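After this come two complexes, each holding chain A, first together with chain B and then together with chain C.
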Partner chain A sequence: MTALGFAWRSLVRQPARAALGILGVAAVGALLFDMLMLSRGLIVSMQDLLDRGGWDVRVSAGDLPASGLRVSNALQTADAIATLPSVQAALVIRGASAEIDRASGMPLKAAFQGVATRSTDPAGSRLRAPWTILRGRDADAPDEVVIDERIASESRIEPGNAITMRASCVADLEALPATRLMVVGVAEFPFQTTNESTVGGTLDALKAACGGNVGQEADLILVTSKGDADGTAAAIRAQHPEVRAATNSQVVGRLQQTGFTYFRQISSVLTTVTVSFAVLLITVLLTVSVNQRLGEIAALRALGFSRMRVVKDVLSESALIVGIGGLLSLPLGLLLASGLDRILKGMPGIPVALHFFVFETGALGVHVALLVATAIIAALYPMRIVSRLPIAATLRDEVIG
Partner chain B sequence: MSASNGVIVDAQHVSRVFSMPAGPVTAVRDVTLQIRNGDHIAVRGPSGCGKSTLLHMLGCVETQTSGTLLFDGKNVSQLSDARRSLLRLRQIGFVFQRFFLLPMLTARENVELPMSEAGVPKDTRQQRVQQLLEYVGLAARADHRPSQLSGGEMQRVAIARALANGPRLLLADEPTGELDEATGAQIAGLLDRVNQAGTALVIVTHDPTLADRAARVLTMRDGQIESERSR
Partner chain C sequence: MKLATLIRLMAVAGWLWPSAAAAQETTPPVILVSRQLAESEGLEVGSVIRLATDASGTRAREFRIGGIYEPTPDPARLGQVPRSVRLHLPELLEMTRPVGVPPGAEYIASVNVALVDPNDAPQFAKDVNARLPGVLARPSGEAAGSAGPFRVLERFHLAIAVVTIVAATVFLLALTIMLVDERRETVGVLRLIGLPVRRILAQILLEGLMVAGAGAVFGLVLAVLSEQLINQFFQWRYDTALVFVRVTRDVALTCVSIAVPLGASATVVASWALLRRGGLRLARR
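Our next item is the complex of A and B:
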């Protein structure tokens, strides 16, 4: 009988103890798995969001794209950027606040994103706005827009319907005449938050909706390089020292140094706590189990079982508890992560498409490594007990006891 | 065969002193003893006289604090723990008063365990387990767990387990201590058969009936062999 087989029989000998250990490890392992997914979840998810649409450099007036500062002379800047040899296309994005009239009730508040593409490259001219069309087509003309699913479902609007919208491109919303726009598609806006509604169209459509009162500013210029994002960002910074140009990875790096660092710290602390708890749990269970079987272990040693063999039995038992519990922890952790993700995404200002918990094979690898370490560390003390067990004295004590 | 004229164990002036908080306690004092192939020895004496400690030293689970103990010509105190374990596995069988069968294993698996540890091939193991269980009269209960066996049956399984690797020396510490008189007699008969088959047998016992079956009876007092009687 192998050490693992022997450990399995020892484990099932006391089903309640085995179940307690396995369920404990499953619960702790699920938390551990979630903390590992959380530690890099926002970073991975943000990188994924930024990479969507193929725009790999972001040009803004502030350190981070969503700083609230606007790029002045945006169209001229985009035109100049588009002439850089490493640039395929540049896309100017300007936002406005809007209200969409509804057949009944209060108007629906929405954000209006207007975009304009600049490119000297035929392939670049075909690049579209950073939203994904779900139904219908993208808006090309100044009287066309795409809407999000929220507007579509709440106002029962589908491609082909017209909407009446008032928009304001300046801080104080002034009373503007309503503009009638044709909805040509339903789209998913990557940075849209949970309680937000968004309309997208060309910059000309936005200008029309704002009554021409847009100015020369833009919130952001997205750039697609021809492959060298870092070189392109550097070239833009050299060409326009007044703006901040950063690759998606650099943006994520800046976010890591600011807001995201809290999640990493929290997850590190909770990971340490959960691993410590798992170690204590398994150590206590194995120590109790070993102490209950000292006579049997001494008898096995007397019959010729080596010290290494009885140590292996304890280690195998620990590995079984942690292994089975660890396997159960994966689906449990994913389930828990999905619930926690939903709760955290309910916070204001969080993009719908952003996830706090992201599964990565790297996280799974660290999870497995931590559980292996847990199994070994938890077994150290009980292994020490059996390896130092005085055979004769234990047999004597068992008879007297 | 033994390295020297069938001698399995050659203990010369062995003593065992335990360090206790109240001061050193001498459990075995200056014992000289030889065990040869096929010997049948009983060790008697009052509680605490050092019988079990002597048995443990003969079985290489306890090392002497002075004197020399050779097992098959090898100085036991100079062997590593791993070598002593291997020696016990292949050459020595133990039978305990409290059986110490593993409750999660069947009788068959309990008997198979030492062979498995010794690396005996599976086919050979299974054949030998069957033979041993038939030998102790428990072939029909091979798949029963210890909790489903009586005390006498458990001790028979323990004897079969002790014989699994064909030891030259079988050591039994109060093998009938937990059994009633009739069952104890059955176990005594079984141990006689084991000895008659050629295995040297050393039994520590308080039971005079069991001791009287031995060819040599050693009586211990205060850690020393007070007398030796041969039949």
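Our next item is the complex of A and C:
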């Protein structure tokens, strides 16, 4: 019988303790797997979110897009950027806060995104708004808008309906007249946060909603390069030293140094604690188990089992407990991750499409490596006990005791 | 209503460099510089620096550093090194006032008001909102919206704590089952000499309580020791005075109130199956 088969029989002989040991490893393993997914989850998710729209350079006034600072003379800046040979298209985005009147109840608060495309390239001239149309069509005219699913369901508005909106482009306390706009589509906004509703339209529609009180500023200019994002960002910085132009990877890199660092740190701390906890507990389990079977092991040695063979038995037992527990930890970890992700997405200002826990094969590889290391380290002390076991003395003690 | 108005404004320096002009006809106004900015730029108390609101240095003014301050830790700005200066409001407005805007017509972001009786805050805010259209007054408790993320983090940490407790409980049960099994013969002999099950169970419970209590105390000591280490690490990592981990009396009590009953219960649950067997069967080898 192989060492693994022998270890399996040892576990099956004590089903309760084996099951509890495996369950414990599964729970700890699930937490470990989650922490590994958390360590890079936000970065991977944010990179995916930024890349999804097809805009590979972001031009803003602050170090990070959405920092609150606005690009001045935005349309002229976008016009100039669009003339760069490496640029396919530039999209100016201006945000405003708005209230949508409802038939009954309080007005619905929403963010209004107004966009305008600038391009000298035929391929880039068609408006590609940073949202995805789910129903209806995109808003093209100054009196047309698209709304998100939340507004559609809460206000029971569908494409073809009109809405009455009061938008504030300069200050939240502006008292502007209401504007009627036609809803032509329902869209998904990639950076829409969990606690806000969004309306999208052209920059002209935003101007109409704000009564023309918009100014020359924009929150962001998105740029699609013809392939060389880094070169395009450098060209924009050279052309406009007053703005910050960054590729999607650079934006993620900046976020990595600021907003996301907490989760990387907490993930590192919890990974260390979890692995230490698992090593400690499996060591104790195996040690107690081996101590209870010293007579049995001594008898096996007396029957001819080699020292290496009993050591292998203990290692195999550890590998089985950690291996089965580790396998169970994967579905358990994914389930736990979805719950923890829901909790963390309760933070204000987090885009709905952003995830804190993202599955990556790299994370799975590290998880497996850590579990293998745990199985080996946890078995070291009990292996030492069985390898140094005095056969005759142990058998005598067992008989006398 | 008597009130004192405190206005604190923080201006982030867009441009900053030590002045070459040592001689000044008039003494430059005094400003405070954050410790992080002072360290990164090598600034000292008494240095004269020039501040401007844009990179080209338009309308730059000279200021004398009157002190270096430690910025109030802001959890919402974790990871961002606070390179900031504090200057008197009139000087800030003088620097930032757009061309054509007369003095006194500038915008300011907020005014902090300290009331004689803080309990008047809701009524005071209501009065201000009624009398000054265009101004939004809120009691500071309501204005502290930045606490939201930390409540979410608290829930996240609680969820992780629950998973850890579940894992620990499972391991604990496995361990106690093994330990109880190890003492099967002793328990069998106690049963055979006439000790009732309840008496043995009480002994096991007491033993479980003592072990769990000792474990809880050890855990608390470990937590207090690691509290210092974790705080020192994160304070160094983020260059902040924020406190990340704090083992409070409530936290310690919660831990003990979970750990001790859990440990004792695990011992009793693991022993129960054993005690249901007959004394002879237990004592038999």
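Basically, the second predicted complex is superposed on the first by the 398 of 401 C-alpha atoms of A that agree within 3 Å, B and C clash if a C-alpha of one lies under 4 Å from a C-alpha of the other, contacts with A are read in each partner's own complex, and residues count from 1 in each chain.
Simple rule for what comes next: a contact is a pair of C-beta atoms (placed from the backbone, for glycine too) under 8 Å apart; a residue touches a chain by one contact, two chains touch by 3 or more.
Just so we're clear, the structure is a prediction, and the values are computed from it rather than from any experiment.
When the two complexes are overlaid on their common chain A, residue A:305 makes contact with chain B while staying clear of chain C. When the two complexes are overlaid on their common chain A, residue A:24 makes contact with chain C while staying clear of chain B. Contacts of A:141 after superposition: neither chain B nor chain C is touched. In the overlay built on the shared chain, the residue A:343 is in contact with chain C alone; chain B does not reach it.
By the touch criterion stated above, A:265 is placed in contact with chain C alone, chain B being left untouched. Of the two partner chains, neither chain B nor chain C is touched by A:369. Taking chain A as the reference chain, the count of touched residues is higher for C when chain B and chain C are set side by side.
Shared-chain residue A:292: touches chain C; no touch with chain B.
Touching of chain A by both chain B and chain C, each in its own complex, is seen for no residue at all. Residue ranges on chain A touching chain B, taken from their complex, read 1, 9-10, 12-13, 295-296, 298-309, 391-392, 395-396, 398-399. Contact residues on chain C toward chain A in their complex (touch as defined above): 55, 78-80, 134, 136, 145, 148-149, 152-153, 155-156, 159-160, 163-164, 166-168, 170-171, 173-175, 177-179, 181-182, 230, 234, 237-238. Taken in their complex, chain A has these residues touching chain C: 16-17, 20-21, 23-24, 27-28, 30-31, 173, 241-242, 257-259, 261-262, 265, 269-270, 277, 281, 284-285, 288-289, 291-292, 336, 339-340, 343-344, 346-348.
Taken together, the chain B residues at the contact with chain A in this complex read 52-53, 56, 59, 61-62, 81-82, 85-90, 92-94, 96-98, 100, 102-105, 109, 112-114, 116-118, 161-162, 165, 173-174, 177.
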